[in-house]
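Per-chain numbering from 1; labels A, B and C assigned in written order.
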Amino acid sequence: MRAGGRQKPPLTVVVLGAITVVFLALPLVGLLLKASWSTLWTDLTSPVALDALRLSLVCSLWATGLSLVFGLPLAWLLARCTFPGKRVVRALTILPMVLPPVVGGVALLLAFGRSGILGRPIFALTGVQFTFATAGAVLAETFVAMPFLIITVEAALLGMDVRFEDVAASLGAGRWTTFRRVTVPLISSSLVAGAALTWARALGEFGATITFAGNIQGRTQTLPLAVYLALQGNENVAVALSLALVGISFLVLVALRGRWLGAVSS
Amino acid sequence: MARSRIVVSLEAQIRVALPPFEEQLDLSVGDGEVVAVLGPNGSGKSTLLRTLAGIQPLSGGRISLDGTIVDDPSLGILVAPGLRSCGLVFQDHLLFPHLNIIDNVAFGPRSRGMTKSLSTERARHWLDRLSVADQAGSRPSTLSGGQSQRVALARALVTEPRLLLLDEPTAALDVTQRSLIRSELRAHLGTFGGACIIVTHDPLEAAAVADRLVILEAGRLVQTGTFADVHRRPLTPFIAELMGRNLLRGEAVGGSLPLSGGPVLVAANNTHGARHAVVSPSDIVLSSERPTDATVAAWSTTVVDVALQGDCARVRLGSPDGVAALVPIADLAARHLTHGAAVWASVDPRRFDVFDPEEP
Amino acid sequence: MTIDSRSRPRIGSAGLGVIALLSALSLIVAACSSSSTSAPTSTTPPLSGAITVSAASSLSKVFTSLATSFEAVHHGTSLRFNFGSSGALATQIVEGAPSDVFAAAAAAPMAEVQAAGDLAESPTTFARNSLEIVVKPGNPLGIHGLGDLPRVHVVALCVLTAPCGANAAEVLTRARVNLLPTGVTRGPDVDATLAQVTTGDADAAIVYVTNAATVGTTAVGVAIPKSQNAVTSYPIAVLRTTSDPQLARAWMAYVLGPVGVRALLQAHFLPPS
């Protein structure tokens, strides 16, 4: 038994780990090799690409924001309260993660489409239509991505020491102040990780978006839609857009991983 | 601490039902008074603190602080913890890990609306008083046990509470820090104007810091009084053991008081009813044969357990339950006091303090 | 339900060519079959095995039903289909996706595959199709022609890389109808495009006549006059990389033969002439 210092990892573990790294890296390497570097800049600055990039960023950020605003309270309720039907509610929050995204899109149509349960009265009263509108893309992305935030935050709230909230209360902090100044800072690393996961899911959403929000350049054609369609005729553009998607995601994840997910262990 | 007039600041009739546990006790604490609450695990000490702090609502009864009712289910009154003027210090201190020390201490005033500069100034003042001002910018994780205890105390005191609740203040400290912190606590609590309740399992701490003891068992108050009172006349076996004394019980009838599991004592002719007889472990003499002196109260029993206590041995006897004798170590071998050995225990009857538990 | 009526099929010169090809194929098949003491017909040598057919989405219903009857006649055979937009399918085949037969909805995707050298022989046109407008049941917006489309909120069209989308663009240009990009949603293939009207919120779509024929009560068709309409030819060919040339050719012959012709006409395809 070594007294100190790090042990050398077992060979099997290293080999399996290496295979996994190759498995994950190979598709990205393939993208890099397939890219038409000479036309990359023009491909990425074409109207289709710029529209898709802008839409993807705008919609995914909106979806993350909405997930935070609406998902946090629900996560808090699930973690801190007991109420009848809690198990059903929890199942509902996980459902969008389990549903095939296209099915989610069809479900959204039936709810928010112009002839949908909620969509019809909204359209009749306000003339607002979600399908074929950027709001629809945001709605679709929020629907599939919010569960990631809810379960991450709920787990964090359940895992934290509730007595800190008792201390804050005894010191005179009201519930909102306690939440703001004690609870949120204590779960901050999980919160950021959850938001990052949510944003990543929203960014990559395809099936629900194309089914519910449609595919209109400049309105609902986010990067994944643009890539899928470009594949059918214009492979160079498809690869260029894919590289853009991968690049953005990679940058954000690398930036986050170093600061926040590492904080969980400290 | 003698005072001419005791202003009662805390009046509580605690009734809590948390099935299967039930708590029922009445308690009053005066201004400047320090009360130590002791009891075995699960006796309801934490529940008591939590109801007073406002974290656990009462099921019945009433709590008033400085004449103001803060909890009364029958009247539908329940004042939130933050509005009760009650300071709470947890056993593991629970300093906010994401704030540095000065922000931790300033948290209370800030939450109540004070400006940042004013609350920081107040915090610094208290950190000074408790001699941890040099740690103002540090994070809680870098503090020693004693330092973090003082900070937790400062954090509670900065809000100038009328009631201070301390949950096992020295339990998280190692032995060397304990006596230092204890004397500091005594000094600080001496200048604290409100009522103070300390939950502890250490009778020495209670003796050092508190004016009065309250002992709970199974959610009920079983004895209250000064340390000296409780030490002299413990009412239950747990209390006797806590105080390091022996409690024997019996029923006096017709001039005789047979103590269950122990000797028969002589009682006055007109005494009837249950009696407690308390004797110190050092007053019990052990021998391998029946004592020849007929004036001593003697009984036959066995050795159940032997433990070292300083330069003596604490010998637990088979009967009565929980009774122990304190014997010099040299005698252990000489008298063959091994586990299971038969012994005779004897006590000078005048060393027994016999009293009626209903009127101690 | 369409408003216009279909023209009755006639066998023209192209039809004669088809029959000739069919006979030739039957002879080839008969020559290749091992000597057997089974029924002395030239049309059913014992076939078995499985092949993959890549076909345009618009062929999904008719090909699926043809496959059922083909497999019933030739026990032991199994036909697997890969339906999608012809442009996407062509890309897949050129990239090396294993397939035995390719049936496209336009000449261009087939030409792409031919240019890559992946065809076993020259393609044969087996059907034609033209476009039709499809609107919500009851035609609430009163659309009677291409000229009414600009005032609609959203029109569903196929992507330009799909023949249906390219043809729609051609048709709209010819009719001098300009649709704003924000008013057009692009479906990856003609089935998805149609679905935007039947289950989605699009007010109108331009799809094939054959798609419009399948809508039932979920939508209503609005014909495009022949003068404005575009006709697309459907070529079919066996691929060079087929794993079972015999079965592949048999299937192609079946499609081109009387059973196939009848099924295609019933599905409202135009004959190949």
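Annotations
Here is the rule we go by: a contact is a pair of C-beta atoms (placed from the backbone, for glycine too) under 8 Å apart; a residue touches a chain by one contact, two chains touch by 3 or more.
The structure displayed is predicted, hence computed values, not measured ones.
At the far end from chain C, in terms of centres built from Cα atoms, lies B. The most centrally placed chain, judged by C-alpha centroids, is A.
Work out the mean CA point of chain A and of chain B, and you get 54 Å between them. Separating the CA-averaged centres of chain A and chain C is a span of 39 Å.
One finds 90 Å separating the Cα centroids of chain B and chain C. Partner chain A is touched in their complex by these residues of chain B: 53-55, 80-83, 86-88, 90, 94, 96-99, 107-108, 111-112, 155-156, 159. The part of chain A that touches chain C in the complex is made up of residues 106, 109, 113-115, 129, 131-132, 210-211, 214-221, 228-229, 231-235. Note for the complex: chain A touches chain B at residues 161, 163-164, 166-174, 177, 181-182, 185-186, 188.
Interface of chain C with chain A (complex): residues 85, 87-88, 91, 153-154, 156, 159-162, 181-188, 192, 196, 199-202.
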